Amino acid sequence: MSSSYGTNLRVTVFGQSHSEAIGVTVEGLPAGHAIDLAALQRFMDRRAPGRNAYSTPRKEADVPQFLSGIKDGVLCGAPLTAVIYNTNTRSGDYAELATTPRPGHADYTAYVKYGPSRDYAGGGHFSGRLTAPLCIAGGICLQLLAEKGITVFARIRSIGTVQDDAPFTASVGEKDFPTVSDAAGEAMQAAIAAAKADGDSVGGVVECVVLGAPAGLGDPMFDGMENRIASALFGIPAVKGVEFGDGFAAAALRGSENNDPFIVENGAVATATNHCGGILGGITNGMPLIVRAAFKPTPSIAKEQQSVDLTTLQEKKLTVRGRHDPCIVPRAVPCVEAAVAIAVYDAWLESQKYKEN
Amino acid sequence: MSSSYGTNLRVTVFGQSHSEAIGVTVEGLPAGHAIDLAALQRFMDRRAPGRNAYSTPRKEADVPQFLSGIKDGVLCGAPLTAVIYNTNTRSGDYAELATTPRPGHADYTAYVKYGPSRDYAGGGHFSGRLTAPLCIAGGICLQLLAEKGITVFARIRSIGTVQDDAPFTASVGEKDFPTVSDAAGEAMQAAIAAAKADGDSVGGVVECVVLGAPAGLGDPMFDGMENRIASALFGIPAVKGVEFGDGFAAAALRGSENNDPFIVENGAVATATNHCGGILGGITNGMPLIVRAAFKPTPSIAKEQQSVDLTTLQEKKLTVRGRHDPCIVPRAVPCVEAAVAIAVYDAWLESQKYKEN
Amino acid sequence: MSSSYGTNLRVTVFGQSHSEAIGVTVEGLPAGHAIDLAALQRFMDRRAPGRNAYSTPRKEADVPQFLSGIKDGVLCGAPLTAVIYNTNTRSGDYAELATTPRPGHADYTAYVKYGPSRDYAGGGHFSGRLTAPLCIAGGICLQLLAEKGITVFARIRSIGTVQDDAPFTASVGEKDFPTVSDAAGEAMQAAIAAAKADGDSVGGVVECVVLGAPAGLGDPMFDGMENRIASALFGIPAVKGVEFGDGFAAAALRGSENNDPFIVENGAVATATNHCGGILGGITNGMPLIVRAAFKPTPSIAKEQQSVDLTTLQEKKLTVRGRHDPCIVPRAVPCVEAAVAIAVYDAWLESQKYKEN
Amino acid sequence: MSSSYGTNLRVTVFGQSHSEAIGVTVEGLPAGHAIDLAALQRFMDRRAPGRNAYSTPRKEADVPQFLSGIKDGVLCGAPLTAVIYNTNTRSGDYAELATTPRPGHADYTAYVKYGPSRDYAGGGHFSGRLTAPLCIAGGICLQLLAEKGITVFARIRSIGTVQDDAPFTASVGEKDFPTVSDAAGEAMQAAIAAAKADGDSVGGVVECVVLGAPAGLGDPMFDGMENRIASALFGIPAVKGVEFGDGFAAAALRGSENNDPFIVENGAVATATNHCGGILGGITNGMPLIVRAAFKPTPSIAKEQQSVDLTTLQEKKLTVRGRHDPCIVPRAVPCVEAAVAIAVYDAWLESQKYKEN
């Protein structure tokens, strides 16, 4: 364990890259809410591969089929299960990986943990493909949050060494390549193309903002919004760092620079700046919640790499086959939104317990 | 909720800065292990305030008293509860804070969440003082891990803009001001002194390494070592970012740079480099586990700041009284070790379930 | 929530009686164990309807299809998901139940809890059909326990007023109608037939024994074997009481009668009697673990009953249509074994954490 | 684990019979509610020993001291911890028990589970004394439920073979010996006195009713009210059976007898009878919730018993010393109320999550 997330809402992801199907069960969804399945599919499509030059040529329809929990398009209160059948798999690409782990992948650690019976094909349960069910759950949470006026959207903040430091704009979410600065976006795509041309890959940073979240979400210590969101985000393969507000940059500041002065705005308490990313003491303060996740470069690269034969314990060279994204960051954008939406909706449900008190 | 952490081991922290006592209950500790209480106290002392020029002049003995779970110095299998009575409190320092939240603190969000009944004195349950019971639990886990050859120690990696980029050495843990480079350490102390002289504060980064952890700790998706450790670390007040291995820097790399080649060393699989920080797919690979936590500057500063009167909704000036650290990073070092130790020991217990299988 | 059970093993049941499919996800299964799928199917068949005169004439193949978690018949460490597609549903039978709750059923309480969007067809998520996925999970746990020499089997202890008080025998599990006394079994079948002839139903008691469980399973207070097993058993629809050892009868005894004297048997500690049902302080003592579950009579009966129209709040008469068991106790026998096996295996995993200590 | 209960509210009990203190931490209590500490103490006093002829002559003040979570008598939102210091212990009474387990007690199983380091004095963490902190938590929940018009009270239903089958009356809660029928109560006290005179003990059944609970509390499958309440009740030492409504008696009924006809009463849906004990499909239906717990006779009796020396594995005779209740049922009445109140309040919090939806 645990492929489950959440305490008020519980999202359980199952499946392996090449198993019969992948899917998700969500317990705790509120009955009576209509889900816009077409909108959900559009959200899923943002994650789907094969859409452009910088993603893997694999084509995956990634159309969720609902086994339970939804009736005539409306949540019925029972656990919701949706699956995506795996149809376009080429397991032959992975035969060598049974004994030779790919550097940077979970191949070796899965072998240590589960032994030779683990499903190595396509990365098994550790495959980035498992973010598809995460997006089903997250896409539903996004719709439930939107009903309450809470929106979650993300942008590409950097690819390799190319930064997009322009301030967030809501319209970024509608772009195919979601950067605020189009110039930065083009430079990023060039960086991806260059890495691909070299048989290499490149990492990046996704930044996500939550607007409209009421003050008071999140709980002390281990259930603060930072803990909750980080727990969800590190569930996305390749995430190696998570920061809120100014994050690591805040460590270089003085208190007088980093503290956000309280002001009164439209008759309500607000802050003049937002270095804290909308979270104080783990609890939302009503300002935009801002989080960034650092993605390492895709470990599957075309270049020959050094590995080890697990059966002979001899070092050997490995050339990874199969079809891989030179940069998963663009496809990770909706995954970040999904993870954050699940975390925020779980915290929102928690906050409801005490409304009547 | 939740002031509890862990699934195999459950650590529940209670208390407010000025309540009768603060403390911790730990369920799931293994019976039969002797705890070196003197060593635990030395560990606690590293966190205690009042020891030097750059920490608050408050003197807190911070001596845990054990109410249960330990008998004749040996864990007996029952839940362990230890408390520290609050004796040296000056609540008068905090009277104004009943209506005027300190910028950068949880004062405002606690008020929104819990209403006027929340305990604002000294920051209540959100006080950094609550890291003392965390250190009791973590100090015990450190000893249990040490029995298995697993050691956890941390260093100051940066204070403000001063970095200590020297490679980790084990002896850093024995220093009063735990930097590898003494020159960097002196520059950091000067940065703290300068901030203090300005009535200001400064942040920093703590880096922690886990040595001797076997490959195979951690679980997929939401219970990976990154999720587990981040969940614990964000429980320490002021942490705004957490990263593993190269972390955010990995986002700027190419796969060929970031992937750690597998090699055979002393007849075992190892990696030639350690960009991943000892974690692949959420699971330890047997290399040193490396994590960094970014601490924002202490929000309590002597400078006058802008706040709001919560009863009148008028903006007003606030000068925070009380005794505060100009930089909490030095005292946070053992807290980081404690949080990481708890997370690693919880994962270790998890891994034991499948040993016989 | 919660359609999930377990802390070391987590079993999540999903589906509604008439949804696309029902199924189960099991997290925490140990990798490397071969599952005997034919044996699992035989176990499932014991629960399946339509096999004889005293069960519903509905025919349900109830053949699990594995979507994930198992590869070439061997557990691979990833979450296991198995589904059973719903094919033989006659929703028309249930149209009236949209507004008229069946007495003794969850129809009314599901309406109150989830509103008009709840899936009422066939009882929705509250249907006894959901015990099929429970049996998939339980059937796997039975096999894993058997590897360790732990066996779980149940018998019919009573149907209506007919008791089978003969001492447990292992061979009872092989019978089609699992009573120890064949005479009692025949009288029970006659009682079921009589109830059916009257358009009525009848309840009963299932008794389950766990043999071979080592002393030391279970935990104090809220995770004792009684708590764990009761939590699982009350997950089976129609269970209204659970007792261990002498159970309610023990309340009428004196301590000198109820205490089980300790003896030495084959060089090990045992007890001369087993009034406690193998559990002391929530922890197994190495003697047979004995538990009984009381099943109320099937609420769906052919007789006209009094109900209420939920839309008009007028009382009205209801005649339940559809195909229903006059007694679910015989089919509940494997369900009890499944629930107990899951609870015991979860406790066994817990106990492994401290083996090395 | 687990000495913790609850998902929305989390109650963690700590302490051993002879440790420095016993106590409880409750997370998730709503801020802003005043707690009537005098009423809480009166509730605690109902459990306290030494009050009359049929309980142990030990005198324990059992006055909770609040370490955190409450300020000026009002819940402040932080985890509440209350402790009772152990002052009146006579550990010498227990010296022989280090090697000789008392029949019917957890002495042996605690030894198996935790080894020689377990705290055997007074039963350690398995002592009935641990119900005192349970009553602190439960007493607070009773007050919170009362604010919502939900009341919980229990009666003695039987002692030994003496039954009190008179219908429940609210005033039973005010009696020193809470039976409805005074004649039955006198016969029960005579049965206790007779057992005591024989150096023996006797068991009994406590029945608890919850009035005013709204329809809709509880969740499907493993979080039904039956599962929730049984999980809490089996946390009380000596409980060996739990049943709801007609419970085991329902197993002997026909559906036409056991189904509760729906009626309209005061413009609302009700049932004409209440065989189901107010719970259908795990969810409250608005009728009185009825549960019974069977308590085995106190295992500590004055009569000589057969045990085993754990160090030599030789059988030996044991005469239990110390001061023990000949019947714990009267003192268990508030414990049952406490456990039920905690379970109901936890379910109530759960139900609040979906109020706004």
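Letters A, B, C and D mark the chains as written, and numbering starts fresh at 1 in each.
Simple rule for what comes next: a residue touches a chain if its C-beta (ideal position, glycine included) is under 8 Å from a C-beta of that chain, and two chains touch if they have at least 3 such contacts.
Everything numeric in this text was worked out from a predicted model, so none of it was measured.
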Select the chain at the greatest separation from chain A, using centres from the mean of Cα atoms.
D
Would you mind working out whether chain A and chain D touch using mostly the same residue numbers, over half shared, or mostly different ones?
same
Does B-C or C-D have more contacting C-beta pairs?
C-D
Between the Cα centroids of chain B and chain D the separation in whole angstrom comes to 38
So, what's the distance in Å between the C-alpha centres of chain C and chain B?
45
Cα centroid separation between chain C and chain D, in whole Å?
26
Can you list every residue of chain C that touches 2 or more other chains, as numbers and ranges?
1-4, 7-8, 13, 28, 31-32, 78, 110, 113, 125, 220, 350
Tell me, which parts of chain C touch chain D in their complex?
1-5, 7, 13, 101, 103-106, 108-110, 112-113, 125-126, 130, 158, 160-161, 195, 198, 200-205, 215-216, 218-224, 226-227, 230-232, 234-235, 237, 239-248, 250-264, 267-269, 271-272, 275-277, 280-286, 294-301, 303, 305-308, 310, 313-315, 350-351
Can you list the chain A residues touching chain D in their complex?
7-8, 28, 30-33, 78, 220, 349-350, 352-357
Can you tell me which positions in chain A touch chain C when the two form their complex?
1-4, 8, 10, 12-16, 19-23, 25, 27-28, 31-32, 65-69, 71, 74-81, 83, 110, 113-119, 124-125
